[in-house]
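Chain IDs A, B, C and D follow the sequence of writing; residue 1 opens each chain.
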Amino acid sequence: MSAAFNIMTIIAVSAGAFFFFAGTIGLLRFPDTLTRLHALTKADNLGLGFVVLGLLLQAPSIRDGLKLVAVWLLVLLAGATVSQLIARIARQDGASG
Amino acid sequence: MNAAVVFGLCGAIAIGLGLYGLITNPQPLRKILAFNLLGSGAFLFFGVVARRGAAVGLGGDPVPQALVITGIVVAFAATALAVALLLRLFEMTGAATIRADTRSSPADDPEA
Amino acid sequence: MISHPVSISDAVTGGSFLLVLSIVLPIAGALLAFIAGGRRSEWIVLGTMPFGLGVAIAIAIAMQKSASPLVYFLGGWLPPLGIALRADGPSVVMVAITAVVICTIGVFARTEFCTPAGSVEARQPFAFWILLSAVWAALNTVFLGGDLFTLYVAMELLTFAAVPLVCLDGRAATLQAALRYLLFALLGSVLYLVGTALLYGTYGTLDIVLLSHRVHAGSATLVAASLMTVGLLAKTALFPLHLWLPPAHAGAPAPASAVLSGLVVKGSFFIVVRLWFNVMPSLPGPTAAQLLAGLGAAAIIFGSVLALRQERLKLLIAYSTLAQIGYLFLMFPLAFDLTEGRLQSGGALTAGILQAISHATAKAAMFLVAGLIYTAVGHDRISGLAGVARALPLGVFAFALGGVALVGVPPSGASLAKELLLQSVAETHQWWWAVVIQMGGIFTSGYLLLVLAHALVPADRRVAPRAPVSRTQEAAAFALALCSLLLGLVPWEPFLSVPVGISSNPLALGTLSKALWPILVGAVLAILLGRWGGRTVQMPLRKSLLIVVDPIRRRTLAFSKIIELVDDILQRWTAATVSLLLVVILLGAAMLLG
Amino acid sequence: MTIASTYEVALAMIVLGLAAWIITAQKSFAAAGGFVAYGLLLPLVWVRLGGIDVALAEAAIGGGLSGVLLLGAAARLGTTETAVVAERPGVLVRLLASVLSAFIALSLAAVVLLLPDPGPTLAPAAVENSAATGLGNPVTNVLMAFRAMDTLLEKVVLLLALIGIWSLVPDRFWGGRPGMRHEADPRGVLAFLARLLPPLGIVIGLYVLWVGADHPGGAFQGGTILAAMWLLVMMAGLMDAPPISRRWLRLTLIAGPGIFLVVGLGGLWLGNAFLAYPSAYAKPLIVAIELAMTLTVAATLGLLMAGVPERRA
């Protein structure tokens, strides 16, 4: 049982790491702010989601599991808001010059 | 190579980089950044010391760890004060430099 | 190694809770003043002053009675886990003098930093009174703290209280001076912090007494010692690490300058003393001690020559502080006992502490008078001081007394310090330091006479003070100067070791004449180096004198040009920080040599 | 090399790369950005060094508050950069500086590697004496009991930095509100976040304070989270910064050190020593002090970030 959990954790966390990696490449390689933002937020949300999913399987108690989910939700919320703000500024800058 | 060795070296190099930046970069803000780097290197030294004192089931000696927490607070207070001084100086003079013409005295009397 | 909460009888030796009070009282004053605000802040801080002074005196009495250092274990926790407060002789003396100086400055500053009628609260008074209280708390912690990290926090408290004092008037030039001061001081504190980490990692404690039992010469300890010492020197502004001092001390409002120059630099100096005399007396070795005193000697030459070349009174006093800080470091090689290979807490240490407190009182008095002169005539150009003596008779007299005390005329504390130093010179056969010691007195009298010569000349027309000068303020400055002059008469024996046969009769003719010749030489120096202009030159006697001395004057001026040039370079950030690293390395090497 | 040490070496390399970036980057804003990343990676280092409490403090302060402060300053000072570049020292001086810094770094590295291993430690003493306070987190025990004096002084340092910043106000704005007034779209996304997050954030802040008694966390870390919530609300324009003359504000700012001082003096009065807690009440007293300190820290940090008062009340 725990071996299966461990394997699933490894798979999920690796998938998460892959998405982070892809997102970072997008951040570095994409041409403008909006596409970079797109790469970053999309990949990071998924990536973190996978990491949290993987870790959930290892959580010692329900309480710790809930904390992990809370972390994920908070990061989603903050990430979404901040990328909105950045995108808005980028659009304004783009419009004015 | 344990954590104490790796991060001890890391702290020493951070201190070296911080010293170099503090000396050579003329912008006060960069000096403040360099000071923070120096400080983090010093804190890492405490961390190494704490790690080497790990005993009785603790991950590290709690005393140096507590010292670091106090140190971080003090360093932040210093950063805040320095940034406020710098921004106020910028507001008044439009420049951000600490190079003073040493012969022009700081307390110029208003009549002269 | 194991520490339990100890019972009251162990934690509290007779009256040692006074040590706690001396720190808590000014902190409480600052906190209460912060809530109360406005005029009440001033009253609260002034209200704590008599109590603070009382506590300082009570500590001295308690120590005299117990005839041993007072110790207090905070929270009942014994070191190494807990923190101890300790009062030994030097710290008791420093606590007492700090109380006297702070209280006198408090009396003086009432006129300058009072909340104007009609406003609820004003920025400058609010900040000044709280910062003054904080400086006091920080200094007492520095003098009494028994743990190197507590000393670090106290030192930061001191810096954060001192920096805003520099730029209270809010002008751009003083803001810049404050920023320079803060950045350089922060560099100093990081170096100190690195040193404490290394010491803890080697010995598992930062308690001064425990460390003194455990310390041995190892590479980590040597590196820690040189980093910590140089970090402290940067905060003390010992040459060549003085770039921040002249603009900061000269730019601040007079009462703040008095605090900064008289007291604040003594805080980090005192920690150097703690480190070298208490924590590791046998570690630095004679070469390192000579190096420290060498920097001190350079500070005396640079500070004094530059002081003589200043056009403005406050800058002159600031540069003289530079020289006087150098004087404080002359004691290190003289306290070194070559046969035992360690620093001895004997006559030389007493001299250093005495010099520190004499300077604290005298320099505070001189800065206060400079402030009065500024209020009275609206500027502090030395060449425009004619007639000031008539407008401010007591003030100028106080300035003269403070200067005379610093020169080392009996019965001043500085004269006793000089006697002690010269005796140590004779005992340790280091004649070259005798030359430097005498030079210090000569230079001091030089710039004192320079100022007095200008101030005592009658003006063409009556100088009408632009603003009335309060007699209380003059009296406060005078009291401090008088205090400095009389420090040599205090029976120091219970607190500081005074070898027998030192100035049994300070008023005897022989000692007086010994003190007078430096003044004469100083007068010559003042004539040679001072910026003489305006009326004073017209006096026939000096005119004929000038013809004789003109060629010599030209040579000395060329010399002073070189000094000014070097100082210009050292006041640049890069040069100062590079020399800081060089001093670290040199000091480390000197300690390695032994 | 084990996986753990590979990870540590890689982490150290990234941290040092960022450190080099902070020093060498052309633009201050880029350097400050690098510092934020640096400050976020350091907590990982601290976890490897077994200092979870420090990791929390470092993340909150180093990466969070200091980073925001420095980024903000870099944005405002951007125009001054070209003028100051002229003051850059010449090649020879830079070479000298790098040689000296490298020499000092090398000697420090040598010395720190030669420190005794296993080193001297107070961990057994700290654990052995933890019964006196009833707290399970040894770091909190050191901060609140064994070395309470340092913590008390540190809180005064924080307050003093704030007074120092306030003392820079132009006289006409004394007693006014710090910082600029933030005008954000009340229906915008930031305002949305500022309505949604603070209730949660306050709970988390108090939770961090509460668990700090027995697990990593504590007054400072909790207070920082509260300060962040306050700053968020202010930035979203939902709430203005309070005028610095307000009595309630000043009371909050000294509540921490004030109560600490009172309890400390109570210890003197009740017989043991200054800063000693009567053993029956040690835990409730410490939690009370920490609660007050959390509020004070939150208020102080928020105002330190807000800066110099620039507007009338």
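Operating definition for what follows: a residue touches a chain if its C-beta (ideal position, glycine included) is under 8 Å from a C-beta of that chain, and two chains touch if they have at least 3 such contacts.
Note that this is a predicted model, so its numbers are computed, not measured.
S.K.: If you tally contacts for every chain pair, which pair is highest?
M.R.: The largest set of C-beta contacts joins the chains B-D.
S.K.: Round to the nearest whole Å and give the separation of the Cα centres of subunit B and subunit D.
M.R.: The mean C-alpha positions of subunit B and subunit D differ by 13 Å.
S.K.: How far is the middle of subunit A from the middle of subunit C, if each middle is the mean of its Cα atoms, in Å?
M.R.: Using C-alpha averages as centres, the distance is 58 Å.
S.K.: If you average the CA atoms of subunit C and of subunit D, how far apart do the two points sit, in angstrom?
M.R.: Chain centres of subunit C and subunit D, defined by C-alpha means, are spaced 33 Å apart.
S.K.: Listing for subunit B: what residues touch at least two other chains?
M.R.: 15, 18-19, 23-24, 26, 32, 45, 48-49, 52-53, 63, 67, 70, 74, 77-78, 81, 85-86, 88, 97, 99
S.K.: Could you say which residues in subunit A touch two or more other chains, in rising order?
M.R.: If we look for residues of subunit A contacting two or more partner chains, we find none.
S.K.: At least two partner chains per residue is the criterion; list those residues in subunit C.
M.R.: 81, 149, 153, 156, 160, 163, 167, 175, 194, 198, 200-201, 204, 574, 577-578, 581
S.K.: For this entry, which pairs of chains touch?
M.R.: Chain-chain contacts present: A-D, B-C, B-D, C-D.
S.K.: Using the touch rule from the top, collect the residues of subunit D that touch subunit A in their complex.
M.R.: 189-190, 192-193, 196-197, 200
S.K.: Under the definition above, what is the set of subunit A residues touching subunit D in their complex?
M.R.: 74, 77-78, 81, 84-85, 88
S.K.: Residues of subunit C touching subunit D in their complex?
M.R.: 1-8, 11-12, 17, 20, 24, 27-28, 30-31, 34-35, 37, 72-77, 80-83, 120-124, 126-127, 130-131, 134, 137, 141, 149-150, 153-154, 156-157, 160-161, 163-164, 167-168, 170, 175, 194, 198, 200-205, 219-220, 223, 574, 577-578, 581-582, 584-585, 588
S.K.: Could you please specify the touching residues of subunit D with respect to subunit C in the complex?
M.R.: Contacts found on subunit D: 89, 93, 96-97, 100-101, 103-104, 107-108, 110-112, 114-116, 119-122, 124-126, 128-129, 132, 145-150, 152-154, 156-157, 159-161, 163-164, 166-171, 174-175, 245, 247, 250-251, 253-254, 257-258, 261, 264-265, 267-268, 271-277, 279.
S.K.: Which positions of subunit B touch subunit C when the two form their complex?
M.R.: Subunit B residues touching subunit C: 15, 18-19, 22-24, 26, 28, 31-32, 35, 38-39, 41-42, 45-46, 48-49, 52-53, 63-64, 67, 70-71, 74, 77-78, 81-82, 85-86, 88-89, 92-93, 97-100, 102-103, 105-112.
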